[in-house]
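Below is one structure, written out as structure tokens; the observations come after it.
First chain written, first letter: the chains are A, B and C, and each begins at residue 1.
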Amino acid sequence: MHLTPRATQRIVFGALTAAMVLVIIPLIFVIGYIVVQGAGAISWEFLSGMPRNGMREGGILPAIVGTLFLTLGTAIFSVPIGIGGGIYLAEYAADTPLTRAIRLSIINLAGVPSVVYGLFGLGLFVLFLQFGTSILAGSLTLGILTLPVIISTSEEAIRSVPQSFRVVNAAVGGTKWQGIRRIVLPQALPGIITGVILGLERAAGETAPILFTVAAFFLPRLPHSIFDQTMALPYHLFVISTQVPSMPVQIQYGTALVLIVFVLSMNLTATLIRRHYRRRRQW
Amino acid sequence: MTTASASKEPSRAVVNWREFAVEQIVRLLGLSAIALVALIFAFLLKEGAATLQEVPLSNLAGTRWYPTFGYFGLVPLVMGSLLVTVGAVLISVPLGVGVAIYLGEIAPEPLRDVLKPTIEVIAGIPSVVLGFIGVLAFSPLIRQYLGAPTGLTAITGSVLLAYMALPTIISIAEDAMDAVPKSYRDAAYALGATEWQTIWRVVLPSARSGILIAIMLGVGRAIGETMTVMMVTGNAARIPTSLDAFLRPARTMTATIAAEMGEVAQGSTHYHVLFMVGITLFVLTFLINAFAAVALFRSERRGGGRLLS
Amino acid sequence: METPAKIELQHVHFAYEDHEVLHDINLRIPPNQIFVLFGPAGSGKSTLLRLLNRLTDFSPEETHLQGKVLLDGQDIFAPDVDVTRLRQRAGMVFAKPVPLPLSIRDNITYGLTLGGRRDRSTLDETVERSLHAAALWDEVKDRLDDPGMALSGGQQQRLCLARTLALQPEVVLLDEPTSGLDPISTLQVEEALFQLRESVTFIVVPHSVQQAARVADRAAFLLMGELVEEGPADVLFTRPKDKRTEDYVTGRFG
């Protein structure tokens, strides 16, 4: 059988469209399934109560609070360093072997397996610096994991600001840093914020890096200091879905629902910010 | 020089000092990336190096992983990781490149504007959630339809890993195809080629280095993925010998660390060996990513036009 | 006795990497008039203009300079020169108007506030004075807080001129300032220059020979990086000494 180019094209395009559908459907299924199965578990008590009876009853408040603290802690470490690194790469770094080494390091940091970050955090923060299994150690570990995302998205956002603004700044007597601070950064800010949120979203959903650095199996109280352990949503989901026998399925789905709502609302915020500013941007 | 206003301006020395300080600070922050890679390697070595004194190489190179009995053979773990990763790549690469072609060349603009952020949502699903769904909803299907004795198999892990690697592969492959100059396409169209002939014979070959990079970064992600794999692959440390292995449980390096580190005494041989597994993973992903990065730099070659015009 | 030159170039050679753009330029530009640099594309006139306030420092390529560029007799490439101060004294208006992503008012005061000026009444005065000088005040006085980018092309270019004038520069460099403008906007910009030439030295790269002849007090003709002829506008455009200048102004090539 010999097909005309037109017919071939129709078949191939059909297959590619099918591939697209094949990718989207599981996403809709996963989210839909969790929402349907988990919605029944959501109540005020579930969101604001302590777990009871070996986590088989009660709420997940400590895990929610723990994840909030860890996300905040991650931001405190990774945002200033990440944006600073992005500014350096976009504005100051010349194309030297050293700069290439920095870029290589960033790509590699982004590729280090998350469980290896966990080992590293255990070795450096928990043991060597003696922070113990703590929010501090977990936040630092997640902060380093998030860093490459924030550096690269900041760099990209800063680079996308037209060079002509920098030249005009210089032409009216502005120094390099004045131009960056007063023109370039404000223009790059939406892009930077988007990158920061996407980075933190990843940190909030991570389990492996917090396994040995902060996560508590069962700790039905809120943390008092940054040297406390804490429960966290992803680890809690892992625990109740694999480690606790005769766990009510509804609580598992409820926990999964809270986690994806937390994470996906960050994702949605980032998308909306990007869309809003792209539309308003005049250059 | 008009100096009437000079008194209110910060002096030149102050301005220069500030410029200098800012540059040095951000330079330091940029350099921290290099320092962190070195630091990670150093601390993995610090905790893991003792392995080489405590466990003979013949043991490490062995085929049995029974830590409680002193067998620390890494081969089944490495093979387990490779098995699951190869499966994931075989699924995700054709699918990812196909979707990239669809998005870049076929999808109408408004649809693309919806689909692209939707695909980014996939990257946002925590791996533990995917593992959770894998255990409860997906693995029963594998048992039922593929005739596996259990639903927790290597192929279960491969499918879920493939899904997680998709956003990376799609976005980089799409960028690569987007970078193919329009003139190449126009030349093909001018010769009477259909859109698909143009894509297949012109766009894809021109974008192949970018697609290769996408594949490598996808492999890097798949090898390093932990939670999903630990939850759905059944965690039996065995060496795959035939294609059948996809339908049996497997145990990856990442899952081994995550599952066992919590149980071991700090400073024990088992503890050191788990760090050695971490070093193996680190080196492996480092090589893959470094290779991808070098390819990336080579394909970029930023041209610097003159200012304004 | 000759009036001292505002700007003087002595044996200037300038190259991007190994491509020489300016060859042995000697030029004296007297103060407070409109000086026009013209010539065909690629003659080096834009580069020469950028040299005068060191925007050539921004080139992504390596640059080589020989010879001296003097502003009021001082070498602007001397190591102890404050480059930001130099750029305030010699302002620049580009071919494509580039309003900063700020309001009209903040576009004009941007340069002043960089120097730490915060005094509201001085700033307001400057805004009004500069916009008047650039012949834009009447069009924008009621919407000073609108974004500068919301203005039309011709208004944007006059805004950029006003932003430059706000710093009370001694020299203003204009690189084809009207190339993107319609004829009426072009005349408005030219008119603004005429109003100001008593107190400012304008150095203009025009976008056509007609414009050169229209605005110039003095002019210089550049060809492939060399200065062919320089002199008062009425001489250069009606009785040029050099054959090449004559061919160019009469439209026989270019």
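Heads up, the rule we're going with is that contacts are C-beta pairs under 8 Å (C-beta built on N, C-alpha and C of every residue); 3 or more make two chains touch, one makes a residue touch a chain.
In this text the structure is predicted, and so the values were computed from the model without any measurement.
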{"item": "Farthest chain relative to subunit A (centres taken as mean CA coordinates)", "value": "C"}
{"item": "Most heavily contacting chain pair (counted by C-beta pairs in contact)", "value": "A-B"}
{"item": "Cα-centroid distance, subunit A relative to subunit B, in whole angstrom", "value": "15"}
{"item": "Between subunit B and subunit C, centroid-to-centroid distance (C-alpha), Å", "value": "52"}
{"item": "Length of the line joining the C-alpha centres of subunit A and subunit C, rounded to whole Å", "value": "49"}
{"item": "In subunit C, residues with contacts to at least two other chains", "value": "55, 58, 84-85, 94, 96, 98, 115"}
{"item": "Sequence positions of subunit B contacting 2 or more other chains", "value": "15, 307-308"}
{"item": "Contacts with two or more other chains, residues of subunit A listed in rising order", "value": "164, 167, 175"}
{"item": "Interfacial residue positions of subunit B with respect to subunit A in the complex", "value": "15, 18-19, 22-23, 25-27, 29-34, 36-37, 39-40, 43-44, 46-47, 94-95, 98-99, 101-103, 106-107, 115, 117-133, 135-137, 163, 166, 170, 193-197, 217, 220-221, 223-227, 231, 254, 257-258, 261-262, 266, 274-275, 278, 281-282, 285-286, 288-290, 292-294, 296-297, 307-308"}
{"item": "Subunit C-facing residues of subunit A, complex", "value": "162, 164-175, 178, 182-183, 186-187, 282-283"}
{"item": "Touching residues (chain side subunit A, partner subunit B) in the complex", "value": "5-6, 8-9, 12-13, 15-17, 19-20, 22-24, 26-27, 30, 33-34, 80-81, 84-85, 87-89, 91-93, 98, 100-120, 122-124, 127-128, 144, 147-148, 151, 163-164, 167, 175-177, 198, 201-202, 204-208, 211-212, 234-235, 237-238, 241-242, 249, 252, 256, 259-260, 263-264, 266-267, 271"}
{"item": "Of subunit C, residues touching subunit A in the complex", "value": "53, 55, 58, 84-85, 87-88, 91-92, 94, 96, 98, 100-102, 110-111, 114-115, 147, 149-150, 160, 163-164, 167"}
